[in-house]
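Below you'll find the structures, each written out as structure tokens.
Consider the two complexes below, in which subunit A is the common component and subunit B and subunit C are the respective partners.
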Partner chain A sequence: MGLPAKFDVAVVGAGPAGASAAYTLARKGFKVVVLERGRAPGSKNLFGGRVYSRPLERIFEGFRNEAPIERWVKREILSFMTEDGMVSVEYTSNGSTSFTAYLSKLSAWMASKAESAGAVIVTDVRVDDVLMENGRAVGIVSGGDRLYADVVVIAEGVNRLLCEKMNIVTPLSPEDVALGVKHVIRLGTDKINERFGLDSDEGLAWFLVGKATDYMPGGAFLYTNSATVSLGIVVFLSHAVREVKRHVYDVLEDLRASLPFVRLLEGGSLVEYGAHLTPEAGLRMVPRKLYGDGFLIAGDAAGLLINLGYTVRGVDMAAFSGYLAAEAVEEAHSLGGYTSQNLSCYERKLNDSFIMKEMKRHSMVQKLMVKGHVFELYPHVLVGAAKRLFEFEETSPKLLEAVNDSLKGRCSRLRVLLDVVTLMRGP
Partner chain B sequence: MAQQAATKQRIKRIRLEDALNANVWDVDTKPHIIVDSEKCAGCADKACTYLCPGGCFTLLAGKVLYSYEGCLECGTCRVVCPKGAVTWNYPLSGRGVQYRFG
Partner chain C sequence: MPLDMVVCVKWVPNTQVVNIDPRTGTLIREGVPSIINPHDLNAVELGLRLKDSYGGRLTAIAMSPPSAKAGLEFLIGMGVDRAILITDRAFAGADTLATSYVLAKAIERLMPVDIAIFGQETIDSSTAHICAQTASWLKLPYIYYVVDAKLGDGKKSIVVRRVLEREVETFELPLPCLISVAMKSNVPRPVTLSNKIRAKTEGLIEVWSNDVLKLDVNCIGLKGSPTVVSKSVPTPVVPRKKLKFEGTDPAEAARWLLDRLEEEGVKVV
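Moving on, here comes the complex of A and B:
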């Protein structure tokens, strides 16, 4: 690879986790190399479309002014969809805590910040193994090449083939992950503003459950970028392997070609179609130990992501875990070396940060979501109630009557109560 | 009714092949997906043929045919195969799909 024979730190993966670790370490004066399999940072990264800003602002200097932010989210919609109709909750505000973005561009920006801070970024390199000597990580192997480093930060993303080879985790099972497929559709800024009721710097984040995924657990999303719209679906593989009835592409295409999307996106042209997995198992996917002799694991590889049903937090969690990994490296260095014991401060840092607190706080939502009935039952109950409420001839029902009528025959009130209790129960 | 008909007319399906063609590719000459057809034969559901978003797995006369050209590098095939028949890794040297937006 024509590089110095040895670095202080080798980072695998230039996604949000790896780039944040590298940036932070380089600024602390460590000699860092990042190994990325893509041709350029960002070229292998794909996500839905909305990022929570605050954690990134804590990591990257000048984030708000420099980062490739598309639009600040000012409008949120959560919709429950059936064949019969759609019930939506909408929220508009003037806040600016999250923004829409392209992950390729955001990752590339983060990597360029790491590079300016002094990290060496090597692309086109697929790491095949973490190099182990006497039970401790001492570098990486790619093809026939070895590269030595005092400590390795593994930020390889959700498939975590390296962690699997190291026997830190078992191979992914359908229960662990969801598949996301996404269209990026160019519509032009004016049309987006007009059709979605936005100003040029205002964004929409729209989440849909129910019919949008053929009632499979997961959901559909639509995010407005400056001149394009990201439209996609996410399906939990645990259910999809049994319940999918047609090709997953057709589920997405059907959504795009149905109301209201076919009208909203009319005249748009498809500029990209992509897919990626995402952690979905909550704490279950987090390896027992996120560190060992000479290595740390960050981001999706560590299973650090929360899906609340109406929003996904992955990028900010990945980036902040990379940042904390960098802090842990610094602390271990000051303690005299990268032993498992010295690096264990990483776990403490994660536990003290919003990352593990959030993972634990929301673990019940994830438990509820994998019970498939939620995605079929509630859209039907809500659309049924709305139909009763709004489509009457002479006698108009009372609000509670409409809800009760809709519940009747679909499920017991006990079922609903149990779901609510599941949600309310703490971890 | 007229409006519904008008809406119907506007709906143009994008075929999967055309969707994949919207992407930038630099396809490797070496396959990064290999299926063990013996193991594969023992599987009833063949979830890969529904869930591979690139359409890399298709059924022909009850057998799974596979290709790696439209691979979006998500890794789903490896996860959903109940027989462990799929050997999958990322392509080498930055080859494969080149996401510009992601």
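Moving on, here comes the complex of A and C:
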């Protein structure tokens, strides 16, 4: 028995980036093989719970009708939490730009689309190395088996061991990533609708900072699926290791047992528990070059995720980078080969797309987010001001007085001003 | 001499993840992933070792619902050359007699076959009937609990060993014959990437319905199955006595414990 037929493209990873690349390439007529480490596509994926829809609609035909969407987000809450109370900003609308989902199901759906488009998906395969010959990628190595392909799309996820081995990136440091831990709690559709004030197709996305994470940089989230609720926390790994007095999962347990969640989730049963790393370093985590002779890098491996503090974008960015990688492969093919120079159009496509614009636009937010004080200070300032404002006995304070009183002894106005400037300033 | 071999496998619910319904005491099979019967993998491995030694071809056969295709792809990943999935509603509800009849007819259809290999038993029914019954239908010799095999001097026979409690037995059987492989012998090899890709791309799985085999419907499926499950009794629950020693002296505690054991009929010497 000889080696199996050679493929045009080998894609490492069947997550959102890999599946989108494979789907797009297979539809363009390329012979594609996808190598997935998990037992099934999606089995290694985990996220908070919300996806921005538009980029996926551009990639997948019939996305809105076919994809395993749980609820469209119609209600957003951002809360600042301390021991004393909670200040929330709420927004309700009739828009449908993002939805809640199980990432394992969504990834499996994307992979099934790629498979029906003609891509070969092989699961339970660990790719050990990108096969290099004369400085160019010519395939992959798995358990001593070699598989040749003209070009390799590396969509291996946040723990980018292949990129490390290829000396494209340095090993992750705790400052670059956050640890996400979440519970999926079954409540039933009716209870969810009642308790969160939703209709059956309406979803809630709730982001919390402050006490929710024991004031560690990061945040907590709650998303409503059809019959379940995802409750979780994301904390910067460096802080989780250095500052946390207890295990991160204990912090999550505490959150679930505290008000208002203990009431909102009463009677619910835990059906799933998961933890995953997410890239958080913004542009700093993006490899210097996202392409080379015979290969491209997409998705979390390329560090393409933004955490804005009130929402997180990862899945749509990963999927769209996979899509652009596919376009770049096609363009390089038409130029006569997968040289680094021909594949450089990938970078141009990324720069022209919303992905890099978003990454650059929000780089200052990410800088602010890693400053520990933000997560302790502002929840206290806001809750303190609200307490002054709403809990008075005889004289009611003016709004500005309440804020000033709350700031007093906590920090200088200059500090606040500096933070605001950091936030407003462009890259 | 290259060997033409078949290995018969069963697609079974993974009993390690099966939950028991606390009310009825029966297995909950819904949503339980199926796997190739683990003891059959030892049979596949023995077949692959024979193929490594003498060359030839190993064909896997499964009589199962269509979902077994994933399991057959796994076997091709290990190195099996091709697979036959016998699937038809008409075969459903078969006991070991009806199953062995279908397998015998399938092997007949594939003749000439030198060796048909089976796992010792399945994890979901543990009858260990199939190899013997299939051999009876085919009127061929068979042997159980095989741990290794090699061809005889004239290449017209196979020499097998089986390990019993106090001795190792060696047998020589004329080809063609059937062998049932001892569980835990012949540790299955890992799948390889190139074989997995072959399984996905080369169309190595044939599907046979009863339109292909054309078997008498009275001999297959539920109709061809005389076995009747008369009654299934849930395991009795032994109530715990929940006794507690209230004290602190270790010697006294030991004495107390021995007394309780004696009360239960344990002889203390």
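Some points to look at:
We adopt the following convention: the second predicted complex is superposed on the first by the 424 of 427 C-alpha atoms of A that agree within 3 Å, B and C clash if a C-alpha of one lies under 4 Å from a C-alpha of the other, contacts with A are read in each partner's own complex, and residues count from 1 in each chain.
In this text, a residue touches a chain if its C-beta (ideal position, glycine included) is under 8 Å from a C-beta of that chain, and two chains touch if they have at least 3 such contacts.
Computed from a prediction, not measured in an experiment: that's the story for all the values here.
In the superposition on chain A, A:L237 makes contact with subunit B only, not with subunit C.
Of the two partner chains placed around the shared chain by superposition, subunit C is the only one that A:D145 touches, whereas subunit B remains out of contact. Contact with neither subunit B nor subunit C is seen for A:P397 once the two complexes are overlaid on the shared chain. Of the two partner chains, subunit C is the only one touched by A:V33; subunit B is not.
Subunit A is touched at more residues by one of its partners, and among subunit B and subunit C that partner is B.
In the superposition on chain A, contact of A:P68 is made with neither subunit B nor subunit C. Contacts of A:P287 after superposition on the shared chain: neither subunit B nor subunit C is touched.
Of the two partner chains, subunit C is the only one touched by A:V120; subunit B is not.
Residue overlap on subunit A between its contacts with subunit B in one complex and with subunit C in the other: 124, 143.
Only residues 1, 3-5, 33, 35, 120-122, 124-125, 142-145, 147 of subunit A touch subunit C when the two sit together in their complex.
Across the interface of their complex, subunit A is touched by residues 190-194, 196-198, 200-202 of subunit C.
Those residues of subunit B lying in contact with subunit A across their complex are 7, 10-14, 16, 18-20, 22-23, 26, 45, 47, 49-51, 53-55, 72-76, 78-80, 82, 89-94, 96-102. Residues 37-40, 42-47, 102-105, 107, 123-124, 126, 143, 158-159, 161, 171-174, 176-177, 179, 181, 183-184, 228, 230, 237, 240-242, 244-249, 253, 256-257, 259, 262-263, 266, 270-277 of subunit A touch subunit B in their complex.
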